[in-house]
Structures are given as structure tokens and as C-alpha cells.
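Each of the next two complexes has chain A plus one other chain: chain B in the first, chain C in the second.
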Partner chain A sequence: MTTNLASTPSTRQRIRVLLSKIWEPYRSVPLLGWLSAALVTVGLEQLIGLPLAHVLGLSKIPALFGAVVILSKPALTPSVLLFMALIYILPIGIVARFTSPVANRIAAKLTSYPLIVTALAHLVLLYAVLQIWCDISDYRVLVARLAMISIILTLSLNVVNGYMGEFSCSHPGFMSVGAYVASAFTIVLFVSENRFGEALLPPALGPFMFPLALILGGLVSAFGALLVAIPSFRTRGDYLAIISLAFMFITKSFFENMEVVGGARGISNQPDYATLPIVFIWTILSIWIINNFVRSTMGKALNAVRDGELAAAAMTVDTRKTKMTAFLFAAFWAGVAGGLFAHVLRYINPDSFGIRKLAEVLAMVYFGGLNSVTGSIVGAVGLSLISEALRPLDIFKWIIIPIMLILIMIYRPTGLIAFTEFNVERLFHPKKKASEGEEHAAA
Partner chain B sequence: MPLLEVHDMTHFFGGLRAVYNYNLAIEPGQIRGLIGPNGAGKTTIFNLITGIYTPTEGEILLDGGSIKGLQTNEIAARGLGRTFQNLRLWRYLSVLDHVKMARYSKLTYGLAGAFFGTSKRVREEKATDEVAMELLELVGIPHLAGQIVTNLPYGAQRRVELARALATEPKVLFLDEPTAGMNPEELIQMIDIIRQVHREIGIAIFLIEHRMKVVMELCEIIQTLNFGEVIAEGTPEEIRNDPEVIDAYLGKEVVI
Partner chain C sequence: MEFFFQQLINALQLGSFYALIAIGYSMVYGVLLLFNFAHGDVFMVGAYIGFFVSSGLLALDLGGLIGLPSGVLLGLVLVLTLIISMFLNSLVGMLVERIGYRPLRGAPRASAAITGLMIGIILETGNLAILGPQRLSFPQLIQSATIKIAGVSLTNKKILIVFVSILLTLALHQFVRRTKWGMAMRAMAYDYVVVPLMGISTNQIALMTFALGSALAAAAGILYGIAYPVLDPNMGILFGWKAFVAAILGGRGSIVGAGLAGFLLGFIEIFTAVIFPSTMRNLIAFAIILIILTFRPHGFFGEPFSAQLRL
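Our next item is the complex of A and B:
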């Protein structure tokens, strides 16, 4: 017993030392290095993934990092793990480590250019990784697009629930408004079908007008947000939670009773405009704009209102305007996300925007972390992927995910990555070796 | 002409008369004090003038224009800065962000700047950074700029609050018990800082205090408040010897 007690910490320590020794060279890998490593990996999967899968006894390349295969056919676990190690972990590890000096040099060179050039270089690389990864199967394309739409949705809800500290429940409502408006716009103008008749404009114009449809959807849902905001922001407290919840149910039953847009049966035949690059561009745009907003002094006024409204007002902050702007802004992005969502699934009904959707997006916000752009991205992507990966478990999925959330709430009450600032410039910076970094800090 | 004038201000909370017939005239560059026992209505007067409550009766003029009934943020933007008795700092913001936040009404880049990061915004944020750093230097804590306020010792938090109030570019600065909860050493430092601020910026200061030492050292004219009414007004020396003030603070001598 005593030896056991004595040895446990030492083993643990040894493991920790070993892990940090393995991790040590990776500290100096810049984002550029990781992205290039990921590019090599997805390229490798594209080239030798299928033969390797066959050799290992898998019928096809595991779509979502093998989780689905492991859960539905546990006997294949070793082959899946081997596949993951050979295709993902080893190449990433090797490439990231050995290209890190080159990557650092390139990253250092990039810093001398304006931020936009550096950002574009990274984004092109990121998109290439995504595109090649998605090329393997249509399922991956769908999951990736839905995950990115979740990012927009989560971020915009975080503006209200995290940055502003109010509790809004109307996001599915705003999303449905955006979805229906954008769908009506594209279907009426560019699709010939039974409900709305012939297309009014040549369908070839459609993809170019699609941003207009999304923005229109966003603006209409921002107008809906105005209806919620006027009565709820007179005072602080729980009013917003109640009124916004009511708004969500009202929009749902509104669309259920609107026969012109299909009532409870919903609306389909949306054109396939929300392709992977389009969703990617909108996601990056939303991250950029929202991050710009929350990092400006005007955006930080939200935090001031949350942490002390009276003091904020006494320091010349127009609290009412601040709250209204942020709420309408969040609703706009929820509307855009809704429009994209409708054109990804190409079928929506009022049921898609109910309490289930609300639970999902709230979970993503609180899982990822309040008051944090990085947290929202992690929360949205993480929960989307987990929820897809656990699909074979059917109903048990809805036991495991809540338990996970409860654990998060116990051990990290504000979420995984909360209260951080997403500094884009620092993200792209080259990373010095640990020793050089210390010298730099000492100087 | 006085910078800030209050005429016959009266305020009721329901049936309770919190402030009665209050008059005030602050000249530019003056330091005035407001003292009185607990519950006399000192903070209520601050809240009435700064627009947190609207007085039932009376008139308030700042620089000749009426500010009665305006929103708190509008009054603050017109040049009435204040600190709070119980430090209303923002929990998750850095020291620098606190001071920058108080420049909110001076920012003109608007929503376009906030959303798209225009060059105007970059310029204005940079200028605001500089103003904020100057103020932090004035109150002696430039090295704490990047800290989150909850990590700071109490005396430093008070300084952050003072710098924040100064960042609104007030014509009159209201200090609500600036030395509350401070130890004697911090207290002396605070008096020095207030003196220095007064000397360098030359604004008028109106302060509430409990500690006689602070009021006597800083103020030119002192008002004494009891049950919402001014019972005495004068120089520190006059106030110290006023029988009514002694009564209010120490109680009447009862002859048995």
C-alpha cells in the first residue's frame, strides 16, 4: 500500500516529464507550421488513404477520425487506431517538427507585410486543408459546413450571453427568420417550382446574388431583434430571457401557420449556393467582424455594462445604445447563419428551429467558454464533431453530451477557454525557441 | 459664474424626504467638501447631481446649462466625472481598458470602425491609449496597465477609479469617500494624488469624506449635512467649531 502510494506520483511525474519532453520541440512550431503539416497529412490521406484502409481491413477511409467505426464495430478498433496514427498523428508530428525552422522563417518574413497579406496566406492554407480533407466524402463536406455555421451562430450568441452577460434564448428564432427570408429570396428569384412559380431572374445570376439574400435575412432578423430589445432593455434582469424565449416560440408558430412558406411541412428546393468555399468565407467574415467589434473600446463597453452598468453610465458609456447594438448585431449574424443553414440542407421546417436548436447553441457557447472568440470556435466545432461522432450510440448520445456539459460546468464553470482575447496578429507570429523566448522576456 | 450650481434641490424616496432645499455653487478650480453622519444623504446628493436619480424639485446647472433629467452618461459626457464609494470597477477588464472606456463619448469612429477596424479606429484607439497611459502615470500606476483590476491591492484599485474618472475630462470631479477603507499610509498618498491632480489639471473637486483629516487638509469650503439638510457651511476652521456640527456628529450634551 505504502509503496503504491509512493510510486503513484512518481509514475505520474515520469509520464508528465516524458510528455513535456515530447512536446518540447513543438513549442516553437508556428501556426504556419501546423497548417503545412495538416496539408501534408490530408494530401497523404488523399493519395494512400484508401489502399491503406483496405490493407487494414476497413471498407473505406474513416470519415470522422474513426469514432463512428469504433462505436459501431468495436472489433475494428486496432485498425482504426493504426490508420489514425499512420495517416494523421505521425505525419503531422514529423512534418511540424522538421519544417518548424523554415516555417518560422517564413512566418517572420510575413510579419513585415501588412496583416491582411499574412492573414490571407494562412486562410488560403487553411482552406486548402479543409478542401482536401472534405474531398474524401460528401459526408465530410456536410459536417464541415454545419460546423462552420455553428461557429457563426455560437459566436453571435456569445456576444449577448458572454460579452454582454444577458441571457438570450431567441437565437433559433432569429435563425429561422434569416433562413426563411433567404430561402424565399433565392427560390422566388432563381428557382422554377410549384409553389412560387417560374424563376424571375436567370438562375445563372443566383450565386452572385446569394450574399444579398443572406444579408437581407440578417437584416430582417435584426429587425425582429429590435422587437425583443425595446421592451427587454429598459431594465436589467431576467426580462430578456423570458421575452426572447417567447420570441422563439412565436416565430416558430408563425412559420407553422404561414401556408405560403409551407406551414409545418416547411420549404424545400433551395438552390445549392452554400458550397464549402462560400460557407468558409462567411464564417471567416463573421469571425473577423465579431472579433473586431469585441476588441474595440465600443465593444468592450459591453463588458463594462455587464460588470457594472451604473459605473459604465457614469463613465459616459451609452448603455442602452450599447446593449441594443450588440443584440441587433448578434441577431444579424444568427440570420446569416440561418440563411446558410437553409441552403446547406436545402430543406427547412419550423421544427428545425425549436428548443433543440436552442439547447445545442447554448451548449456550444457554454462549453467553449464565455467572452471568448477562440472558445466559441472550439465549442462549436468540438460539439458539432462530438455530436456527429457519437451518432451510432443513438439515444445514448443525449446522455453522454449532457454529462460532458455537467462536468465542464463543475470543473470549468465559465467554459473551456473563457475570458480571453483573440489576438489575430499574435496568432500568426513566428515562435521563438523556448530559451530565446525567456531571454526576450528577461530583456 | 459658478461652474456647477444647484438650486433648491429636494428629493423624496416615496414618503421619505432624503434631501431638502439643497444649494450648491462650485467655482472653477475649487475643492469643496461634503460631510455628515451616516445616512445624512451625501451619496444621494451625488446621485441626484450625476443623474442616477432625478430630483423631485430644484434645478441643476453645469456651466450655465441645465442638466436636470438628462441620462447619467450624457451628464458625464458634459463634464461631470465621479468615483464611487464602493469601487465600481469592472471585474474582467484590464486597468488600461478601464481608463480607455471612460473615453467612450470621445470616440467618433462609430459602428463602421468597430466592425471593420478602419484606419480611423486604429488612430483613435492609439490616441486613447496614450491619453490613458498619461492618466495612469498621473495617479502613479503606469506599470499596472495590463493587469486585471481584481488582482490589484485596494489602494491601487482606488487609483484606477480616479484615473478612470479623470479620463472623462470632467470640469467638476465628484469623489465619493476617496479614502474609504484605506490605511494611514495609503491615505496620505491619496491626499497627495488628489492635490497633484488638482494642481496639474486644475479641475474643481467636490468630495464626500468621513475622515476629518482629509477634508480639513484638502477643502476650501465644507458643507455639513444632517437629515438631508445643510446645517452649516464654511471654511474648515468654522466648521470645526460650529456647535450644530458638533451636535450632529457627537450628540447633544444632556443636562440631568
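Our next item is the complex of A and C:
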């Protein structure tokens, strides 16, 4: 029976074999190879994208990998797919494959330098790809910035909900505190408008003081987090969820009643400081710091508190300090994300930080995966892109995305990539030849 | 003093809605240890079902068929609407349980909370997609009349709403205390693991819990429609979350506790609106809840227990 099966493989098996054969050479492509291939691709799009789009009958370059065009004008599907194949898939495939020996050699050489040099080299490449990709349209710039802000937000919520295992609902609250404080700071100091009067400092100084505004927002938000952190000493789990929820409603209601910052109408005229490079730098900074935090002793203490508070206390973990640090730390980053968010949209009102935002952030955390930095990045970027790509479906978008999330929850209850460590060094390492790699995996 | 009683009856009315929704939350939470975040939207669906059932019944023109005076007819329509919508909405609740929660039995509780949130969004958007964004106005099921008792003027609507909600709360309490089904529910709340060994089907009890909660939510929806005859797809969100807070405030799985906490929430909201500007209502109400929970972390009637987060 088994021999029979083996001799006549089913179509599914055949496809799997075929796919693995195609994939074979790509196993030895290091991250550096992928990044340089992506760079070639976006460069190609910049150079010949528009003429090619015209030839294929598209009015402009499809902004988000063609999904929007396919959904709004299904007749153009073949030309969009062709465009995607010619501009993205083929060049990436070819370049990644044929530069992989060189890329491996460079990656191997880079490993002899300190990690920071290697990381910087990769980041510069990544930023170049992002910058060129975003050059095509302002829409891409907006989507990229919002996606990166979601990464910060999701990561910081994952510290509390994933690593510490609480169900905190207060993140939109922290975010709004950061957003309002940072907005007030920049508007009062650097913008002349009728609510706060003349600018107190020369506007040219603004971009340099912007980090200060964000950090201030983060600190105030962390201070607000004390309101949630202190009750968390006495109570865990469900009651903490309520306390954090109440905190979220309180902050929203508080800003609705603060006429100084516009009340329910919100506050606008934030200066345009949150440009692509700035948001990129803050995102990388947050990933770096949060990743180090969760891999530190304190991060392990978080896991210990999650898995058994009494046992953790018995193992000399100071549970109070741990909880406090986690909440304040998460709130700080949520505040920074809020400040960036306010300066990207340049208009905020209390309604931007309500239940919908909460559902969005929670969805990103649980979609990507608990207790995992990689998962948070995947979840944040994935959900932001999906929700932008499904925009032509109008309100049906809000039926499809929830259904998708429910399916993910049913089949992978802890999210797509849960409980993994984000190992930067491993990421940058040159890839061995496929056969060696297999031996490595077997060992 | 007269003003005080006026506000008191308003608070009782608002509290009735919170109480009825909170009981649904509290039962699911008590029996399955789940946050059923879709419950606020189940309340919304209940109100819409009530709208369609009552409009259908009024259009059928039962009065012409049987020949009843219009006052009695309206009463009959109200009772029928309540019964039919409660039944239909319990089906909705069971569907939510079957699709969103049963596949996640044994999964981390937070995952189930996420599916609940998502089902809530599906219900809202589905409603928006099917019925469009315009608001519906609930048919008049009661002829408004004002009764004056000792200088305080009460409308019959308010009395009916408070009366029905207290009646339903007490009926449910008796059901849970006195019947075998109720005993099974309490057993499940007590020990999740041992109950199946006693020959009780966990799934059946879960379905019944959802059905009962949703039926009460439908009643709350219809009463809401009687009090404020405007329905819109997002009406369940804020109500749902506040009722959820009330449910936790009442203590885990305590029906009377959830009811009382619902009424308390109504009181806090109405009386803060009297003293402070009404925009401060949520701020102060939630601040008070935060203070209460800081000093009584497990609610009014809950026992101190540490919920095991099975993550």
C-alpha cells in the first residue's frame, strides 16, 4: 500500500515537491541578499514602473501591490498580476538567486565586525528600500508610517499582554496621553495659530526638539500608567482588565472635557515633523529596546510572573517591581507611538482613541503572536497592509478582517508566530548551503 | 425632593438596561470564565429583532382579526414581541457560542476574548451592510401616560421598564437557584473540570447560558426601544462595555450582584450628570468604579479567587 502511494504521488504532493525544488536555491540567500534584491526591485519600479504601467493599461503604478486595483476594477486583474510579476517577483527572484554567493560572502565578512556595524548596514539597506518604495506616491508614505507606528504600539502591548500575560485594555488611553502631550508641546512652542497663540521658539528649532516632545509624551503616559499599575499589585487577570478598560474610558472622557486642547472636536495643526526617516528611526529604536528588554532578566521575570506569580515570588522575583516596570515601559512606548501618530495625521480627537482603536491593537497583537517580537512586527504590518488593501470593499472590509482573525484564533489560538525569540545575530548570519543547512537542522 | 425622585426613576430606568445586559455578561463569565465581548452587539441585534417583530405584529393587524380594543392589543403585541424576540435572540446567542467560542474551548481565554470582539464587529458591520446607516425608529408599543404619585410624575413606560427588568432578574435568579439546569450551571461555575464527569454536557450548558443571556439582552433591547425609540447599529458598543464593567463589579457569576451593579451604574451616571456637566458623566462614573475596584478587587458578591490565566 505504501509503495503504491509513493510510486504515484498525488497532485498535492507533486506541487509540494515542485515548490520545494523552486525554493531550493533560495534557502542559501541571506537577509542581505533579500534586501539588495528588494532594492533592485524598487529601483526598477522607480525607473520603468510608470511606462510599464501605461503599457499594461494601468493609469498609475499600483500603490499597494495591486490589491486595491484588483478589488475596485476586477477587469484589470491580469495586467496588475503581470505588473507584479515583472516588477516584483521576477527581479527579486533573479537577483536574490544570483547574488547569493556574493551576499553570503559579504554577510560572512560583516559578522567579524561588531553587531552594531552589521545591523547598521542592514538598516541602511532596509531604509533605502523603504524610501524608494515610498517615493512613488504619498499614499505609500502614509501607509508605511502608520504601519511602523502600529509596530511600536503592538510591541509595547505585547510586553503586557503577551510577556506578562495580563489582558490590558488601556493602550489607546496611553496612546492618547502621549499624542496630546506631544501635540501640545510642539504646537505651543513651534506653531503660530489661534488656539495657543504665537510660537514661543523659532520653528526652525522644531524638528530637533521633536524627540523631546515624544519622550515627554511617553513619560507623562507612563506616569498615567501608575493608575493601572498600582491596582495590579492586588489583583490580576480579569479585574485588571476592567481597571485598564476604565482607565481607557477615563482618559478619553478626560480629553473630551479638556476645552484647552479642543474637547471633543480635537486638536489639529501639528507640525509635519513625523517624516518617514523619523518614524523609521523611532520604530527601529523601539524594536531594539523592547527586544532587549524582553530578553533581559526583567523580561524573563515577566514570563515568570505570567506563568505563576507565587512561584515567581518564591524564586526571588520582585513581582511588584516587575509589574510596575512592565506597565510603565509599555505605556511609555505607547505614548511615543501616540505622539508620532498625532504628527503623522496632524489631527487627533478623543474618538481616535476609543474602542475601535483598542480592537485594532488587540487584533494586531493576537494576530501576530503572543510573546514574540517577530510576531508583533508581522501582525502590525500584516494587519495594516491588509486593512489598507481591502479599502475598496468599504464596510465589508470590517466583515472580512474579523472573520480572518476568528479563523486564526481558532486554528492558532496564540497567533501566527507566538513564543519565539527575535534573534538579531541569527538573522544577519550568512546562510549555509542548502545541504549543510539541513544537516544543521537535523543536528 | 421631588427632583430627586424624578432623577431616581431615571436612574432606575437606565440601570435596568445595564442590569439586564450585565446579567448576560455575568452568567457567561461565571460559567465559562469568558469575556463575551460580543454581548453588547447581541443586545443591539435584540433591539433590531424587537423592531422587526413588533412592526410585523402591528402590520398583521391582530386587532382586526380578533376584535380587541386598541389598548389591550398594544399590550398583547408588547408581550408577544418580548417573547418572540427573546426566543430569536437566544438563537443568535447560541450561534455566537457555536461559531466563536466552542472551537476555542481550552484555548487561552484572551483568544476567546478576541473572537468575541471580532464577532461584535461583524454584527455591527453586518447590520450596517444589510440595513444601511439610517436610524430606525422603534414603533410605539405603549401609549404614554403620566402618573402623579405624591408630586412626582412618573411615566408608565418607566415603571414598566423597571418592573420588567426586575422581574426578569428575579426570575433568572430563581431559575439558577431552583432548577436542575441552574444547578448544572452553578456546578460548572464551581468546577469546570469535574462537571463533565458527572454526566453533564459542558456544551449544552454553555449553549443554554448564552441563550439565557441573549434572551435578557433582547428584552433590554426592546425596553430600550420603548424608552428611546431610535436604533442604530453602534448603540450596543458603549452600553455593552459599561454593562461589562457592571458585571465584573457585581462579582463573578452573581446574577443579583450584576443586576445591582447595573442599577448602581445607572445611579452614578444620572446623579453625576445632575451635579456636574453631563459630558463629565463617563469620566466620573468610571473613576468611581476604579476606586471601588481598588478597594474591593473581586466585586460586591464575588469570592476572592485568582482567575487562572491559561496562556
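One rule holds in what follows: the second predicted complex is superposed on the first by the 428 of 443 C-alpha atoms of A that agree within 3 Å, B and C clash if a C-alpha of one lies under 4 Å from a C-alpha of the other, contacts with A are read in each partner's own complex, and residues count from 1 in each chain.
The definition used in the following text is that a residue touches a chain if its C-beta (ideal position, glycine included) is under 8 Å from a C-beta of that chain, and two chains touch if they have at least 3 such contacts.
Bear in mind that the values here come from a model prediction, so they are computed numbers and not experimental data.
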Check your understanding: Which partner, chain B or chain C, is in contact with more residues of chain A?
Key -> C
Review point. Between chain B (first) and chain C (second), which, if any, makes contact with A:L82: first, second, both or neither?
Key: neither
Check your understanding: Now for A:A246: first (chain B), second (chain C), both, or neither, which partner does it touch?
Key -> second
Check your understanding: So, A:T316: does it touch chain B (first), chain C (second), both, or neither?
Key -> first
Review point. Thinking of the overlay built on chain A, is A:A301 touched by chain B (first), by chain C (second), by both, or by neither?
Key: first
Exercise for review: For A:I289, decide between first (touching chain B), second (touching chain C), both and neither.
Suggested key: first
Review point. Once the shared chain is lined up, is A:I215 touching chain B (first), chain C (second), both, or neither of them?
Key: neither
**Study point:** Residues on chain A lying within both footprints (that of chain B and that of chain C)
**Key:** 306
**Study point:** Parts of chain A lying in touch with chain C, wherever the complex brings them together
**Key:** 161, 165-167, 227, 230-231, 234-239, 241-243, 245-247, 249-250, 252-254, 256-257, 264, 306, 355, 359, 362-363, 366, 370, 395-396, 398-399, 402-403, 405-406, 409-410, 413-414
Practice item. Over in the complex, which chain A residues touch chain B? Could you list them? Key: 289, 292-293, 296-301, 303-304, 306-308, 310-319, 325, 371, 419
Practice item. Could you pull out which chain C residues touch chain A in their complex? Key: 29, 35, 99-100, 103-104, 107-115, 117-119, 121-122, 124-126, 128-129, 237-238, 241, 244-245, 248-249, 252, 277, 279-283, 286-287, 289-290, 293-294, 297-299, 306-309, 311
**Study point:** Complex interface listing, chain B residues touching chain A
**Key:** 50, 52, 71-73, 76-77, 81-82, 84, 88-93, 97, 100-107, 109, 111, 113-117, 121, 125, 128, 164-165, 167-168
